[in-house]
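Chain nomenclature is as follows: A, B, C and D, assigned in order of appearance, with residue numbering initiated at 1 for each chain independently.
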Amino acid sequence: MDDIPFHTAHWLNTDHPLTLADFRGRVLAVEVFQMLCPGCVLNGLPQAQRLAQTFQERDLAVIGLHSVFEHHAGNSRESLAAFLHEWRIRFPVAIDMQGEGLLPQTMAAWGLQGTPSLVLIDRVGRMRARHFGQVADMALGAQVMELIGESSAG
Amino acid sequence: MDDIPFHTAHWLNTDHPLTLADFRGRVLAVEVFQMLCPGCVLNGLPQAQRLAQTFQERDLAVIGLHSVFEHHAGNSRESLAAFLHEWRIRFPVAIDMQGEGLLPQTMAAWGLQGTPSLVLIDRVGRMRARHFGQVADMALGAQVMELIGESSAG
Amino acid sequence: MDDIPFHTAHWLNTDHPLTLADFRGRVLAVEVFQMLCPGCVLNGLPQAQRLAQTFQERDLAVIGLHSVFEHHAGNSRESLAAFLHEWRIRFPVAIDMQGEGLLPQTMAAWGLQGTPSLVLIDRVGRMRARHFGQVADMALGAQVMELIGESSAG
Amino acid sequence: MDDIPFHTAHWLNTDHPLTLADFRGRVLAVEVFQMLCPGCVLNGLPQAQRLAQTFQERDLAVIGLHSVFEHHAGNSRESLAAFLHEWRIRFPVAIDMQGEGLLPQTMAAWGLQGTPSLVLIDRVGRMRARHFGQVADMALGAQVMELIGESSAG
């Protein structure tokens, strides 16, 4: 299996950079967001926080990916750090690496349509879902549990 | 395994009475409610409707159990039928059999604390959860999926 | 000025029947509802309770009018009494008088389109607003205050 | 009557700087906020938008005052401009002038406790309300209408 591309420029809420391999053996939920995107603030990020509170850490990891494709000047690293502090977001957040084009590199490589997007990666490192916009809590809880129930033997 | 007691006086939203055995092989969610209980109307019943919409019928069955223990005169069968019609509740609803004591018979036998209560019964007919009051959609979706993932071989 | 017709069969939450004349000198908000109407339970009645809590009693009176035009068997006086108790509705509630036609008499005389309807009557007894369905709290608060600000000299 | 102090460094959503005197004759609602304050984003600013939509422009003017007292680096003018664009905030927004102390000058002069604060100034330029935190829509609609009903003769 080929590895999923994951290009990060910086990390917040963690004292060392992470790779997707660090989460192997667990299900991983990646909340792809922009701090100035209303749907991310109102729906995506609070749902990611509920994921982190609902499931056990040994079963599910939750991280954020700040994928800025508009208003770059208003989305500085300092702004994001203050935003995470004020909104009480504790899980690790990566800043997606800017590339040559409009979209940052990871967002482009993953073929995402915009923010918020919730990406689910299974225990053996395969991307299993890319939810753009809103997904209901009940359906998401069921889907995450289904992935948790799978073997990590691959 | 002994069968779970289930005493019903009438059924609505179905053309014939049902037994718990009819649901064997599937997970069964029983929403125990009173039509005049605000928590049932605002939280319990809408959540039961979301369960019915979120999961496949072959995996999960959803029914209601109208367990009246107060305001009996205001909870007639005619009132309940009109209530189900107006609130667009389509799943089968049983009326719990009144007994000698305060509580109706099924509610008493199941040891429930009040309404709303959501009871989950697994594919082989064992009671696995009794949630009194509110339970979050995400946690409930996960729990139902966990039961769905179990074998029906018992 | 002719009096507004007001035909009531019974009253709850008051120890004696009331007439519209009893409210002269104050603004009167009449929440016209059916206990089995979801929009009444979810929006109309909670808003009427907020009206009663927000304004002073000397400025605004709030009452309910139970105007049943469907499911008569499921809308007994006993059901309504239990409903008001469970939903903590404390303001006086009149039961609209059934007439020859489909609609109860007051509802028909007032030309209402359905439930919930919020009717505002000014300090001198003139009907000033008939809101069918939802009205926003902010706009309603402003409208009620505008009527409160008018002279009761007529 | 002494004028209310009003020290602004920049303006957005308007092509020229404004003074409080520009609003004389109308009621003025000033939403004092920080773009990284959750209560401002979730409650204060949406309510200010509802004020602007509910009342007539000739009766009520609505403006924002960005009063930053923490996370200065994350609250640049560029960030604020992008924030206003993304959240569809159309009313004029002033940036409160930084002073010697912790609090920006207008916020300090007005004696505000934090953000969000909603300040109401009447038709003749007197400060009439300083709501810190949440205020209910219905009560606010009533209060604004009461001020609108006052004479602008002073």
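Here is the rule we go by: a residue touches a chain if its C-beta (ideal position, glycine included) is under 8 Å from a C-beta of that chain, and two chains touch if they have at least 3 such contacts.
All of these numbers come straight from a predicted model, not from anything done at the bench.
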item: Longest centre-to-centre distance from subunit D, chain (CA-based); value: B
item: Cα-centroid distance, subunit A relative to subunit D, in whole angstrom; value: 35
item: Subunit B-subunit D separation of Cα centroids, rounded to whole Å; value: 50
item: Contacts with two or more other chains, residues of subunit C listed in rising order; value: none
item: Listing of all chain pairs that touch each other, if any do; value: A-B, A-D, B-C, C-D
item: Residue numbers on subunit D that touch subunit C, as the complex places them; value: 50-51, 54-55, 136-146, 149
item: Residue ranges of subunit A in contact with subunit D within the complex; value: 36-38, 41-42, 70-71, 73-76, 78-83, 85-87
